[in-house]
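Each chain carries a letter (A, B, C and D) given by its place in the written order, and its residues are counted from 1.
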Amino acid sequence: MKKYLTEFIGTFFLVLTVGMTVINPDPGVIAPLAIGSALMIMVYAGGHVSGGHYNPAVTLAVWLRGRCPSSEVGPYMGSQIAGAFVAAILTLALKGDPTVTPMEMKVFPALIAELVGTFALAYVVLNTATAKATAGNSYYGLAIGFTVTVMAFAFGGISGGAFNPAVATGLTILHLAKAADLWVYLVANLAGGALAAAVFRFVNPEDK
Amino acid sequence: MKKYLTEFIGTFFLVLTVGMTVINPDPGVIAPLAIGSALMIMVYAGGHVSGGHYNPAVTLAVWLRGRCPSSEVGPYMGSQIAGAFVAAILTLALKGDPTVTPMEMKVFPALIAELVGTFALAYVVLNTATAKATAGNSYYGLAIGFTVTVMAFAFGGISGGAFNPAVATGLTILHLAKAADLWVYLVANLAGGALAAAVFRFVNPEDK
Amino acid sequence: MKKYLTEFIGTFFLVLTVGMTVINPDPGVIAPLAIGSALMIMVYAGGHVSGGHYNPAVTLAVWLRGRCPSSEVGPYMGSQIAGAFVAAILTLALKGDPTVTPMEMKVFPALIAELVGTFALAYVVLNTATAKATAGNSYYGLAIGFTVTVMAFAFGGISGGAFNPAVATGLTILHLAKAADLWVYLVANLAGGALAAAVFRFVNPEDK
Amino acid sequence: MKKYLTEFIGTFFLVLTVGMTVINPDPGVIAPLAIGSALMIMVYAGGHVSGGHYNPAVTLAVWLRGRCPSSEVGPYMGSQIAGAFVAAILTLALKGDPTVTPMEMKVFPALIAELVGTFALAYVVLNTATAKATAGNSYYGLAIGFTVTVMAFAFGGISGGAFNPAVATGLTILHLAKAADLWVYLVANLAGGALAAAVFRFVNPEDK
């Protein structure tokens, strides 16, 4: 229960920051910096309780890598989606039902962007927050958060830069993404997470 | 006495940075980055002496969590307010009595924004700077400072983004906030700090 | 093999971030921040496997300093160039064959800028990631990544700011640099790396 | 000799970054971020050799605090000034003898700004890089570098934001500051460093 509350709180603040900074006349450099930093602070705050996933694709990757019990996978993902949902509703209320134009995306480039970006995120999570060789470090939150910042700077214009099915759910509720495009995120993000787990296991075979 | 001087110095530099960067033709991305970084550097510099609160809402949360003696709560808050006061006066002098238009806020959204933002700040402080499970880390200042940066990017347009009664006092002296709105900050910030302490105690029951 | 895959992945993401953020109507402050952060996250993710060079000039410096077996130098550099190549091709595909105007550089200032910038980068790598006196620290990725950010802010207008023959290869494929100028990067970057190794050995004679 | 070379290199890159980013059509947010980051990377790279002062006011503060032998104070300061001098000359050459308008400063506000900013810098250095209670941390370079970023955001418009007699020397050679104003920096910076040492000794009496 404590883990699930922690996942709820972290994802809530991540998606709240997405909504409050992207629905803005000129998000510019602010949104990617703020969103990556929101992930960073919540990873540092909640990592010792739940691991600080805040992202179903990360939970999938950590489960495939063998560091998340199967029985927790569902509740983790449910808590993350719930946090995203509440954050999106609060954002709409605070912004006074804003007029938002959903992103027009091209499916194939968006699939690649979300796959590559989520691979980077899960690859960094597995290596900095679950590898034996880096245990006890103080940089994992910085590395994880800024992966989202970097990938959002790189791919924001192509896919919106979710790299996270919970964030994609939030973007959909906020009308920043079309409901018809939600599958793009789900497929690409989960595939990116799974690919990162496969690469991690290949590169670190002795690290069970 | 050493603790109180440290709290005075840290809050002084926090509020000085608020005043010098917000009273500006185009604060844009600069103010939230500078203000969060000011908190970060002062937390790292003074944490080993006073814990580096620089915020009555954080002192309240740390006291409720059981890591601040009751006898120190008053002097801590007094030192913080004094630091904010001196910083605001110095800012006005250095800026040559600037013309400042106080923020127009809507009370209910501002209450929510300040409550949620201060909850995030106190939640990050308690987890990164007072939890047994994260003792000895090097990231607490980065996490704490950038919580203010993130929340200021998210909520600056709604409440001004104080998340701190001492900063709110400074904003009032600087005419960036109306004296009639000071209660909004006091109520919401202290409530946010108290809520974070309750959540921390629920999630970490064994960590006394 | 695991080391080479790690070098491939890290350089891929570094050059992908270069291409996606520099080929932009207004890269401004974003490109140097994103590129340095991309290096930072990949150094943190792959450092425990390959050392996280992602740069033939760094591999040269680490080899001269005595921390990279001679037999690995070629495969490291090959993996880095391969990662840069794939990233550049993917960037062109995602951007839909963009119109790019290659940089006009003056050879002599560009040689100095690339030499000085690569010296800084290799100097920071050797001191923060290979010196005995700093072993076990958590800041090496931050220091290494932000060296590229700083040097790109300083020298971007003069040489494009590669400081890395693999990145220079990527810039050439992306038409951001002229093929006729590629030698400038190769010569200056390798010279900068070698100079940093010489300085490191002079300053730390007891650290073999 | 190794310490002096390290101080020369670090101050060289600090002042080079100042010159290359401030002499720019629109330094905006870039200069303070780049300059603070330049200090950060050089503190992390050279701290284990020389302590990473790169600033005569910091050397004064560390000496007063009892962590710099008297015989090294002169050579440290000389190396720092030499690094600043070479960096300024190189900047002028790379920029092609640029037209620079020196800052118009009001003496009294500039004295206050430089005194307060240098106090903050030396206070952070003493507490994060020389205090027994914070020994072994990984955040000292981040805290020290970003103190310059914060203070430059706060005071750049009032004094130019040197907080360092070596940087002030560089600003003068670069014609960014008037030679007639150099004394303002020297007096205020050394006074700020001395004041920080006094406060540190008062707050940490048992830390010799």
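General observations
To be clear about the criterion, a residue touches a chain if its C-beta (ideal position, glycine included) is under 8 Å from a C-beta of that chain, and two chains touch if they have at least 3 such contacts.
In this text the structure is predicted, and so the values were computed from the model without any measurement.
Greatest Cα centroid separation from chain B: this falls to C. Under half of the residue numbers at the chain B-chain D interface are used by both copies of the sequence.
A separation of 39 Å divides the Cα centre of chain A from that of chain D.
A straight line joining the Cα centres of chain C and chain D is 27 Å long. Those residues of chain C in touch with two or more other chains are numbered 29, 33, 138-139, 142. If you check the complex, the residues on chain D that touch chain C are 2, 5-6, 9, 13, 16-17, 20-21, 28-30, 33-34, 37-38, 40-42, 44-49, 90, 94, 138-139, 141-142.
Of all residues in chain C, those touching chain D in their complex are 29, 33, 109, 112-113, 116, 120, 123-124, 127-128, 131, 133-134, 137-140, 142-143, 146-147, 149-150, 153-155, 158, 199, 202-204.
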